[in-house]
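When the chains are written out, they are named A, B, C, D and E in that same order, and each has its own residue count from 1.
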Amino acid sequence: MLEITGLSKSFGALQALDRVDLRIQQGRIHGIIGPNGSGKTTLFNCITGMLKPEAGSIRFEANDITGWKPEVIANRGIRRTFQAGKLIPGMTVIENVMSGVNDPVGQVARDAAFRLPFVPSRRESEIEDRARRILLMVGLELSASRWASDLVWAERQLVQIARALIAEPRLLLLDEPASGMGTKEMEKVEEIIRKVREMGVTVVVVSHDVKMLMNLSDWVTVLNFGERIAEGVPEQIQKDPRVLEAYLGIE
Amino acid sequence: MSLPLYYFLAITAVNILMSWALYVPYRMAHLHFLIVANMAISGYTAAYMVLSLHLPFGLALLAGFVLGAVIGFAVALFIGDAPTFAVVIVGFTFIYITRTVIENTEAVGGTMGLFGLPNIGGSPSVHRWTILAILYGLVALVGFLIHRFDHSQLGRAASAAFIDKDLTTSLGIDIKKMGILLQTFSCTLAGGCGVLYGFIYKSFHLDYFTFHVVGILMTVIFVGGYTTLWGTLLAAPVLYGVPLLFPPEVASWRIVIYGALLIIVLVLKPEGFITTRFVYGIESFLSRKRGKRTPLTKPQEDV
Amino acid sequence: MEVFIAQVINGISLGSIYVLLVTGFNLLLLVAMIIHFAYPQVVVFSMYIIWLVLEVTGNNLILGALAGVTSSILLNLISAPLFQKVMEKRGEVDINSTMVMSMGIGMIITDVLSHGFNKGHPIAFPDTLAGGEAILRVGLISILPGQVSAFVVGVIAVSGFFLLLYKTRPGRAFRAIAEDPNGARLVGIPLLKTGLQSYALSGLLGGLIALLLAALIGSASSGLGEQVALKVIAVSIIAGLGNLVGGLVVGLSLGILEAIVQGYISGTWSNAIAFVIMLLVILAKPTGLFGLKL
Amino acid sequence: MASNDQTRAHADSQQALLTIENLSVSYGHVNALKHANLQVFKGEIVVLIGANGAGKTTLLETALGINTPLSGAIRFKGKPIGGAAVDRNVRAGICLVPEGRGVFASMSVLDNLLLGAHNNMKNVGKHLQRVYEWFPILEKRQDQIARTLSGGERQMLAIGRALMSSPELIMVDEPSIGLAPIVVNDIFNILRMLNQEGYTILLSEQNANKALKCAHRGYVLETGTVTLSGTAAQLLDDPGVREAYLGA
Amino acid sequence: QDKVVVTEWQIPFLNCLTGPLASHGSMYQWSTNQAAADINKAGGIAGKPVRVIGVDTANDPQKGTVEMARIVKESLVALGPVPEPVIMAAMPIAVENQMLSITGTTSYEYASKFFPWSVAWFPPYPKRFPPLAKAWAQEFSDMKQVIQFVEPYGPWPMMADAHVAGLKEAGANVLKPIEVPSDAVTFGPLVVKALEQKPDGIIFACNAEKIAKMIKELKSRGWKKMDHLLVFSSGDDAPLYTVGGEDINGIQVYNYVNPDTDSPRWNAFKSAFMKDHNGMPPFSLSTNYYDALFMIKEAIEKTGVTGDPSKLKEERKKIADYCANVKKFQGLMFNWDMKDGVPTNKPLYIFEIQGGKKKLVKEIKLAG
């Protein structure tokens, strides 16, 4: 569904991504691991159009999306979360989730402007219902009307996921969704990611929690210094000597 | 209606509309002072149309709106997604350039200004009621639109853009398009306001459109609160009206009072007097009274 | 050629006013994250204090200078807690809030000056402050001591503060506090003390600038601050906010540009032309020619 | 860990480096800490385990003086420090590596490190060398602006920065967040090494396994109260702890 | 005369008491207060005391209009407004409500728009300035080329145009004027540009502070013939002297006020003014406001205005009509004749400045 070939990106002298090839198959949970600074977030940034890669191409479904604008890519069905939970503090949780849906600007403006007074927008209430359902799914239904700035770290991550999901993406990129979480929360996140997959969304997860990632993923890619050093099913990866050396450490 | 009340109401309405024109792009952190230049450009053009070309007021007003929209749109094509500072400075720069152009344009009175705008509908009282009707009609309409906007996808998108650009684009929002929409909207409004402003005064002078307008608008929007439209709506008449009631000795320190108020509000209540939380609190209170289902915004006790 | 040289020198002299003010403005930005939109007004306020003391003491230059510097420092220290309070709830928002707040301060200063000092009339400084006779006069070319000192001090201030901020321990601490006061506490920087130091330092510079402007311009009016404020901010943005060296280059260039336009093209259009050029630069490169330094 | 008993015996014989007694802290109506007690002895690694929102960060921050306690006492080397200014405590020898990569985002890596040594510029060169040895990647990124560091690099920078002041007590808030396992191992190794050099370490962790393995003693924090404490070995064996924090 | 019904005549004065022009406003205010005091000392207006009520417009049209709308409800007549933007915004209200408002600052070009509800305090430019400029230029035999510094503000460009006509009559070659940007801080570039064209004389039509600075620049670049510099009337203002200091010695200014007039009334006014203004002699606009209040007094007394609210409309008209065509009105400086709101016999004076004092050079009578 997503096919990356020869993707390169450098910052000055630093080669953050070096001719990375990656195939992400429909319906899978695809794990990406790699030491710090190996280019995982950069890879996400390239896929979502926030950085312009220097070389290589990214194909999503039928289109070559290399160099597209981030908002266009997001609306084509690729959504992401951020490593540091970025929420909008001045809005409530449910509004934050609802902010994930964004129709074209003109269409929204029309929806807002050309309606009789006191007629609620059908689109708007539909979005709200969807937001509620998704909050229920991530287990935050009771927090719907809390202010985003009052949330703790773990909850922020969940809201981020919910916000990405409400747009019904076909590909979801999660950047360390479980970082800073305790075992219990982590299990919850794991469960949520599985549910997401059941909804038919392909998921790419970056995480440093090897145990969770290996449990979860159907396929794992390992990056190191911007290069792909290994790829395979989790069991295989866990035994790969290069991975052991570069990432897992030999215990 | 008494004359002072008319002027008070009319100028208040312009201040409300103009503060809203400032408010709308500021939702995405664009402090867009271009609107003041727009007021001048549209106002002078309309005056020229009425005085020299003898066109009817309605047409001139329409032209004001259109001109505002066109200029706003053209500029927004460049700064629709620019950082705050760039927007601020572009606005100020435009004010300067506009001034210079008007100064040197004899057809609109140059540095002397214009006088003799006719009463709409002939008699002074018809004129006044027409102006008020148009102004408050606009206030209602624009307030309604902004309220809609704030509670729509666009409002949420603007809030996101206020915080973080990357976040916003990752939500599938075309910042530039949104910036163009908001800026054009506010410039359109400002264009119309400029025409009406002139027809309130029945005259034009360059100094109607300078930094004191900017000062008033800034005070209104930041003291009232820049997170909802209600703060502006309340602050505009209060900030403009209350000093008129001061005795002369106090009133002569009006600017100092404005400045001090601005500082106090920023220090004690940086989001202004009326905040979203406050409004949501009231909304949920009202709807609870009316026995509706609890809105999404009901504050909830933390555990 | 003579005229051209004279105009360039005029431009540099005008440019040094911008450079001095931009440097003070940038310093506040760097050490306290304040967009001090009304910085020129604050400087003009100090100029008025200098004038007042000169009047009272019968043109005692030393006391005047001292008073200017002290008042500038005091003003900074008084406004510091206010800005700090605004910065406490920091986020992307608050750099805008400091801008608005400083506009409030500017409104107050201008108004107080306009009917609190000298009955609102412009003030004039004694010629002795400017340092007397022209250093050089060839035909239309003329260089006054005040112009030279403003330019020289401008250049020295820029390089001095550059070194201080980027190469020394206190400078690092200033920047750290500006960026994240809580983080600065974590590394053991005493917030209050260091904060006050940085404010006092920028106050000191403010006083110095006031003195130099008094010598260079020779007079001041309540509206002087507002007159130059916009250009100062524009210069700072074009150079890249917080970029000291950029401010020097752009400030001087703007001065020269204005002088050339006024001298060869048109006086009334000179602002418009300067602003159109600035506008184009900003539209083309919103983060400034020399990059943000925040 | 072999040296556990020995250290304990050693520790008992002397005054505690950090003592927290009956500490309560609240944020408005949220009581983040309720009568918490804790002691850290010189030369120890003590780990604080607790779920999200248990109050670990609050405890560490209060010890440094960022929050003012509602009640209770904090003593460092016998002297009460509750309510003292943060910078005084830092100069007295406590430091905190904040949770979530709190570095000066607009400054270079080197500037960040030098800021860490703000109060201790004597041996800057040496300390810098040592930090670069532990985190070679930081040396490579020396002139990069911290904003553009990867998440993990920032975490390393935060720890490196704290070490620059060569403190007596290092408090580390969840060091493993967002770090690759190999780096986490490294960090725990470094903490252990630091400990052997004589530093005392107080550590908060949610994923307690590795932390407990390198620590001498541990405290379990639940909704603001210390519910369990003991040597690392005891906690590792405790069925409750195993169930809740070790995911076994 | 019918019975006067008021116990006190209250004359509102829409003035800029705060804001950037507050210094001027306070001087105007001083004059009206002085006039009121003098009138009251001599028995008031029709036997009743008069009081001038200062209403601040703060140079702000928004404030000015509301204040004017308030005043216009019950006042017989008003003073002000000041300054231009407020005049433009607020005068239409006075016109619509048919109340005379005397702006002592307005020249014919402004006032004529609002006639008959405003009177001009100065005759039209084409009438008064050409003779003046001509007389000045003819005074010097070496006056071959003249250049003007013109700031684009209010009527100044028009005034400068009027100078040109007179200069041409005197046979001088008028060079292209130097435009002075209103926010200029330093004046080197402008002065160099002017000197480059080698003028023999210079006329300044700008703000007083700027004129002073430009004269300093001229001197520092070797300008010697100080009396070949002429400052126009609005420039003869306090800042010219405070900022100019010693450097303006010898330059010429023109103006409507001759401080050396010798009449008891003038002398009393002058010494009171100097006492309250650090020894500074009066400037033209202040005398206008002094005169304005007296003119109102005369109008009320001569036309039998009673102040009766029910006759407001007709009494307003009476006052306006009287002022517009007043004859032989005894002003501070000279006796006015007005025709249709325009003074017909207002003299102009050219002075030379020496040590901050003005020495009369010439009096110029209006042509026609």
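As a working rule, a contact is a pair of C-beta atoms (placed from the backbone, for glycine too) under 8 Å apart; a residue touches a chain by one contact, two chains touch by 3 or more.
The structure displayed is predicted, hence computed values, not measured ones.
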| item | value |
| --- | --- |
| Contacts common to chain A and chain E (chain labels) | B |
| Chains in simultaneous contact with chain B and chain E | C |
| Chain located farthest away, centre of chain B as origin (C-alpha) | D |
| Maximum centroid distance from chain E, chain identifier (CA atoms) | D |
| Euclidean distance of C-alpha centroids - chain A vs chain D, Å | 31 |
| Distance from the mean Cα position of chain C to that of chain A, given in whole angstrom | 47 |
| Inter-centroid spacing, chain E versus chain D (mean Cα positions, whole Å) | 77 |
| Gap in Å, rounded to a whole number, between the CA centres of chain D and chain C | 44 |
| Where chain E touches two or more other chains, by residue | 17-19, 152 |
| Contacts with two or more other chains, residues of chain C listed in rising order | 91, 110-111, 115, 268-269, 271 |
| For chain A, residues contacting two or more additional chains | 89 |
| Touching residues on chain B, where the partner in the complex is chain C | 29, 31, 78-79, 82-86, 88-90, 92-94, 96-97, 100-101, 103-104, 162-164, 211, 215, 218-219, 222, 252-253, 255-256, 258-263, 266-267, 270 |
| Residue ranges of chain E touching chain B (in the complex, touch as defined) | 17-19, 54-56, 58-63, 65-67, 69-70, 72-73, 84-85, 88-89, 91-93, 96-97, 109-110, 113-114, 152-158 |
| Of all residues in chain B, those that touch chain E in their complex | 2-4, 6-8, 11, 15, 103-104, 110-113, 115-116, 124, 200-208, 212, 216, 240, 243-244, 248, 251-255 |
| Chain B-touching residues of chain A, taken from the complex the two chains share | 48-50, 69-72, 74-75, 79-80, 82, 86, 88-92, 94-95, 98-106, 108-109, 111-113, 115, 117, 121, 124, 127-128, 142-147, 150, 163, 167 |
| Chain D-touching residues of chain C, taken from the complex the two chains share | 169, 172-173, 175-176, 179-180, 182-191, 294 |
